[in-house]
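In what comes next, chain A is part of two complexes: it sits with chain B in the first one and with chain C in the second one.
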Partner chain A sequence: MVFGVLIGAAEMLSPGSYTNVEYTWLHLAPAPGPFPNGLSLVAGTLVDPISALMLLVVTIVGFAVMLYSIEYMHHDSGLPRYYSELSLFLAAMSGLVISDNLLEFFIFWELVGVCSYFLIGFYYDKPSAASAAKEAFIVTRVGDVMFLLGIFIYFYHYALAGPIGSGGWAANGFVFTRGSQPFLASSVRGSSTLLTVAGIMILGGAAGKSAQFPLHVWLPDAMEGPTTVSALIHAATMVAAGVYLLAVASLFLGFTSFDLLLIVAIGGFTAFFAATMAVVHPDIKRVIAYSTISQLGYMVLAIGAGFAMLGLFHLFTHAFFKALLFLAAGSVIHAIGTQDLFKMGGLRKTMRLTAAAFAIGGLALAGIPPFAGFWSKDDILAAVYSDLGSHPAYWPFFLLAYAAVFLTAYYIFRAWFLAFSGEKPRDPTLPEAHEAPWVMRIPMIILSALAVGGGLLIFWPSFDSLLLYGNGVGGIPPVYGSTEIVLSSVSVLLAGGGILLAWRLWGNGRVFVLAETAAAQSLRRLLLNRYYFKVGYDWIGLNGVYTVARAADFFDRYVIDGTVHGFERTFALLSDRLRRIQSGFVSDYASYVVAGLILVFVLLLLIAPYLVSAWGGI
Partner chain B sequence: MTSLAEIGFVALSSALLAIGLFGILTRRNFILLLIAIEIAMNAAILNFIYFAAFSSGTAGLTGQAIAVVVIGFAATEVAVGLGIVLALNRVKGTINVARATELKL
Partner chain C sequence: MDIGSFAGPFLPEIFLLAGALLVFLLDVLNVRRNEVVGAIAVVTTALALLFVVADLGFAPFAGLATIPAGAIDATPSGAPLYTFTSLGLVFQGVFLAAAFLVSLASLSRPSEERGAPIFYGLLLIATLGMVLVAIASDLIFLLLAIEVSSIATYLLVAYTRRDSRSLEAAMKFYIIGALSTVLSFFGASLLYGAYGTTNLVAIAHVAGTVGYPVLVLLGYGFLIAGLAFKATLVPFHAWAVDVYDGAPTDVSSFLAGGSKKVGIFAFFLVFLAPILYVRTAPSGGPFTTGTVALGPVLQLTLSVVAVLTMTVGNVLALLQKEMKRMLAYSSISQAGYMMIGIAVGTAPALAGATLQVFAHVFMKGGAFLVVAGVSALGVGPLIEDWRGLGTRKPVLGVAFGLMLLSLAGVPLTVGFVSKFVLFSAAVDARGYFVWLAVAGLLNSALSVFYYARVLKIMFFDAPIPRAQPTGAVVGGSEPARLPAGGLGYGRAMAIGIAVAVIVAAGIYPQLVLGPIQNAAQHFVNLGI
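For the complex of A and B:
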């Protein structure tokens, strides 16, 4: 962890530097085909501004969560398993962010995926946790397959391209190389169908990992894992890997214009779509999970609009305040043993620090200055707005993302008011709440400090230079003019309005009962059932995939196995017959020998004339 | 040139071989079996002897030397065979080979 922070700090002090160490583990000689100059596969590390940024996030949040887990998990019997899986995850995540080529990236990508699977299913004796783990694994697998296809297309297509060395990209191990601009020169963009497909594949991989629409269904269910895992993996780091992938792809490979529009569309739509589902949910962790999906949507939106570094900046701040929210929620769950917001209430009095931490996280999430979320989110909105002139097609998605600001502030403060305000818990049977022990408080304090001050880091020139990525390939943040200030003010007002509405409806122990009109209730049901996506996917799984699987099973069992077993039975029958000649009577064997001898003599006599002529006579 | 004597000798050794093989295939008594094997083997030795007698030079000496060596081998073979007979008699109480059929599936 210390090491990671040191690397991050060193990168900050030498702006735009680019350190690459690699080791070739497989080299294929030149051969005709798609790789005429040979093919190298390398394992290497690359430290550049974006990986330095990610290293800071991974190590700081990882440290906080490890510390917090000491207390949060201490009563659990699977503790060795928990820590070993968490350590494996941290190692894989660190490896992922410093990978220097897509193949190595993919290996670590799968490793973090399997760690996520393990940890979601940590309480494997609970059926809901086991099925959530499976769901997460299968849904991200859809994305992973697309990602791998995307890698193949890029490798194939760019085998001879690239600004480094001789022989092209393939011969140099597909290492990420930064030239004056991405591989995909702007003249090619939008013209190649193959590259558009590759971009869509990469986007699919990122959407699976970062739970973007339509592969978003697994993340809320992933909350079945321990809260610490949700904080580290499903809020701060692993789900951000998808965003990181998009950023890496846009910085090193480049996307076609159609892909960019698609990325913007998915990001903007997801930001709004996930926020609507968070509005009604009664489970404190799931509310935060929907919020994660929504915030990841902002990052994707920023990358699609060409501001990769702003997306990563939001990733950076979001990691801290979202991990903080989860740790605060974990503290509540630790104290009273329920996740149901409608059973909580009045916790402000007994858990002062947790309440304050959750409030800080909420303010940062809502985007109230000077908390961290304000700087990054408003940078994104302002940047996308500045791009609208050249890309009018981005308008609806910008508006959706803008509207989501209001929802964000509303749902997170609804959770806060439900849990912490009021006089006493709504469910009187809950145990007496108590403040978390110090081991859990310290990580919350660290993350609170970062949630307050993380955004202010942009005023520190060394950090700001990270965001510029040397020469501004990752998009130059807009200069704040009067338009941007109005935009920001409006978004702050929207957020404030959201908080106010939450207070009006839920503050001071109030309970807002939705009108019994059919329209309102059906909307609520639609949101609670998550737009029926899960039902739909289950249907596809059962009727589509299961039917195909049954057909394949039939084919395997009766056609392939039938052939194999047919051979087997034939030979078994034959050998059973043959076995009977081994009678054990010595004279039987002797007669076989004699019969064989006679056979040899007869054959010799028959072929003798030919042999004689072949040897040229005796 | 093939002389009548040569044909006679070869016919004699062939007859001995046939007698030996017949004994091997039909006898159940282990000792008789060994005697039949000896007869068949003597047919081979006899072949060496008279082909050596009809040859000249080193070829003739070679045939006789081989005949002497094979007689020695036959003696050792009989010694081993009789040992097996004794062992078989101890285990089975009989020297009838038709009763020793353990080596089968």
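For the complex of A and C:
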């Protein structure tokens, strides 16, 4: 883990360098078909600026979470399982970010998926946890299948594309980059319907993993896992994989303009849509979960608008403050044993460090300067704004994302005020709160420092030049001018307004009771029920998929099993009959040789010449 | 100093012969301990293997190369008796590896066992014959080399003279072998009648001009029948099951892992030239009108034999109750897969078949070595007797399991890679060859059934309660104890090497596959 940090840091210090090690797993000779120049399957590692950035995120957050787990999990049983799964999770994610080709990427992608299943379902004896794990697995699986289809389309379409090596992409193992040719050059990029479909498939895969609309449903339920796992999933591993995939695909493969619009639309919409759901939720972890979906929307928006590195920069800062928020929430849960915000209150008195950590995370999330989130989020908004001139269709999604700034500040401080301000807990039965032990405090301190200072890294020239990586294909981030300063000021004001509103409604132990008007209440119900998406999916699942499944089951049971059993019986019978040939008498064997000789002659002299001439002398 | 200039390109063969003679000499001098003579065989085969690997151009051993660099894969001039091809060297390596593993494992047999010198001496002689097959480029040279190895293997099967089962097996082996030799030589003489030469290089040159008389067809027909004996193709396979079953199990390992491949390589040598070159078709077949080329006729015939072999082998393996017989049938079906290589006749297909041959040494040869070790521990011959072995001897169980998985073609084992390369080459060849791949795949699916059954019995079934020495039956939960002693270092090492190769070549196949692909390409370009 420390080693990974070192690799990432080293890469950071010498931007633009490449470390590429690979070996050919299997090479197939050229043959007619889709891969006329042969096909190589390779396994290799590639550390370039984007993977270095990701490696840092994965390893730092992973380290913090591991350290925190020592105390947080130590009452649980099944710890060997926990730590081995957590390690596998981190290993798979590290493998994913340093993969140098799509197939290897996919293998690690699937490993990440299965690890998330294990960890979300860590308390597998709890039905809700088991079902949340299943949900996460199945929903992301929809994305995975799309991703795989996308890979196949790209492989097929770009099999012969240069400029990578001689013989094209397929003959060189579908690697992302090699030497001085960092990207599948724009010269070979087409813009066909097929590529649009492939792009949509990749987007589907990313949306599943990164919980973007409409595949966002699994992420809030994934809160059933231990809080440490949530921190990891939300910050460094699972959801980051989807954004990373989009970034890699946009830098390396390129999307068609329709795909880009779709990505922008999904990103912008999700940023707003998820924020609205966070506004009313009473569960501290789920509020943070919705904020993750919303923040991921910003990243997707940035990538769609052509600023992949800015998206990854936001992922970078977000990882720190989001992990911080989760660890702080975990500290609260650890102390008082509930996740219900309406039972908490006044915790800042007993849990000073946790309250401060949560506040820092909240300020960073809300985008208040100089906290980390401000720099990355504002970069995205400014960059997308600078692009609006050439893409007017992005306007509505830009506005949605902008509006979400206000909601973000409101909901996260609503959570803070509910939990930490006031005199005493609303639920008097809660146990006396206490500050977390040092093993849990150290990771929070580390992450707090990063949440404060992580964004300031852009003033460091070599980090800033990292963000320019891939400018050959992406947009160029805008230089800060008067427009951008106005834009930033407005967004800071919006955030400030959100915090103020939260204080007015919930500060100092106040509880805001929504007016009993029907419209307001039905909106609240709609939001609490998450726009009825889950109900809808369940309905589709039960009525649509289940019917298909029943039909498939029938087919499987009677047609396929019937065939299989039929074969089984036939072969068993055949085997039994044929076995009698093996009489053990050598004279019989000799006669078989003679019979074989006759067979060979019949074939050679009669059947084969006849067939060969009938087939036109193949 | 280059070793090649000192002893010439035949250093591996010289070593094998010298080793065999030394063993027999020691026998006369009354030095018969298993470890001593066995060590000679191990060292001899290991050195010969090292030379062959060096000749193939693996960098670390380049200094040991015995054949001048230009002589390998050189276009032969005239009608030489032998030619060095890199594919032939790969096969030499395969044969030597089989011999090495078997002699290494046999070190673990009781040191006072009778007949040890005979065993190792014959093993080395048989290996010598096989190694010569791999460089043959003349039919007579080829058939004589096959005879050298065959006669030694007949005796090997019978070397435990007191065991009537092994004597019976040897007798069957010998009778059918003699019959097949007659067929082969008769086929060769018919070809001589047609072509005026028995030299494979010369045949490749003149074949196109002589055309397609019935004599040629008859000659190749007899050769198919004769060589099919060695390669255990259906319906010339019947001896194999009784012999593999009746022979001492280490010998079965050698037969399945090494000696059978002689037949496969002989098919490559004899049939590649007509398949590649004899496209002219002057007179048509005797019973057909129009013109038909010889090559496709041979390919179709070999294809039918290949499909027949893999199917019959697999179907018969399904219901076998004895471990050795099951492995024997599975070995037959594997020969069917290998025959796809020559039936398709392209370089990738030959490469796939060669990789299959390579894999088979370690997975099937290794499996027989495990069986020998396990029966030395007192486990009976039936598959049922292996119940719970995986839990009682976990390391051995996992090793055997890996071999079976590789035989079934599960990814990350070498068996998967070889089948993948072979079948994809058949698909790439188009035409009816696609159906060869389909037949191969269906057969692979069928074969999983009996491999998986063994795995289930080994790992998931409770061990059989055994009668205690006192006669009291131990309760069902108490497994019968195996002897505390292990397999012995030699056998454990041999099994370990086999498993290591299976896994290493499965994880990083290109290491082996690359040289084999090159060799196959050279072989097809050379076209003898």
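We adopt the following convention: the second predicted complex is superposed on the first by the 537 of 618 C-alpha atoms of A that agree within 3 Å, B and C clash if a C-alpha of one lies under 4 Å from a C-alpha of the other, contacts with A are read in each partner's own complex, and residues count from 1 in each chain.
The rule is simple: contacts are C-beta pairs under 8 Å (C-beta built on N, C-alpha and C of every residue); 3 or more make two chains touch, one makes a residue touch a chain.
The shown structure was predicted, so the numbers you read here are calculated from the model rather than taken from an experiment.
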Next item on the list: Using the superposition on chain A described above, determine whether A:586 touches chain B (first), chain C (second), both, or neither.
Entry: both
Check: In the superposed arrangement, does chain B or chain C reach more residues of chain A?
Finding: C
Next item on the list: Please indicate which partner A:613 is in contact with in the superposed arrangement: first for chain B, second for chain C, both, or neither.
Entry: second
Notebook entry, point to check: Given the touch rule stated above, what does A:599 touch, chain B (first), chain C (second), both, or neither?
Noted result: second
Notebook entry, point to check: Common interface residues of chain A with chain B and chain C?
Noted result: 579, 582, 584, 586, 590
Notebook entry, point to check: What part of chain A is in contact with chain B in the complex they form?
Noted result: 579, 582-587, 590-591, 594
Next item on the list: Sort out for me which residues of chain A touch chain C in the complex.
Entry: 23-29, 31-33, 571-572, 574-576, 578-579, 581-582, 584, 586, 588-590, 592-593, 595-597, 599-601, 603-613, 615, 617-618
Check: How about chain C: which of its residues touch chain A in the complex?
Finding: 171-172, 175-176, 179-180, 183, 214, 217-218, 220-222, 224-225, 228-229, 234-236, 238-239, 241-242, 281, 284-293, 296-298, 300-301, 304-305, 312, 315-316, 318-319, 347-348, 351, 417, 420-421, 424-425, 428, 430-432, 446, 508-510, 513-514, 517, 521
Next item on the list: Mind listing the chain B positions that touch chain A in their complex?
Entry: 21, 24-28, 33, 97-98, 100-105
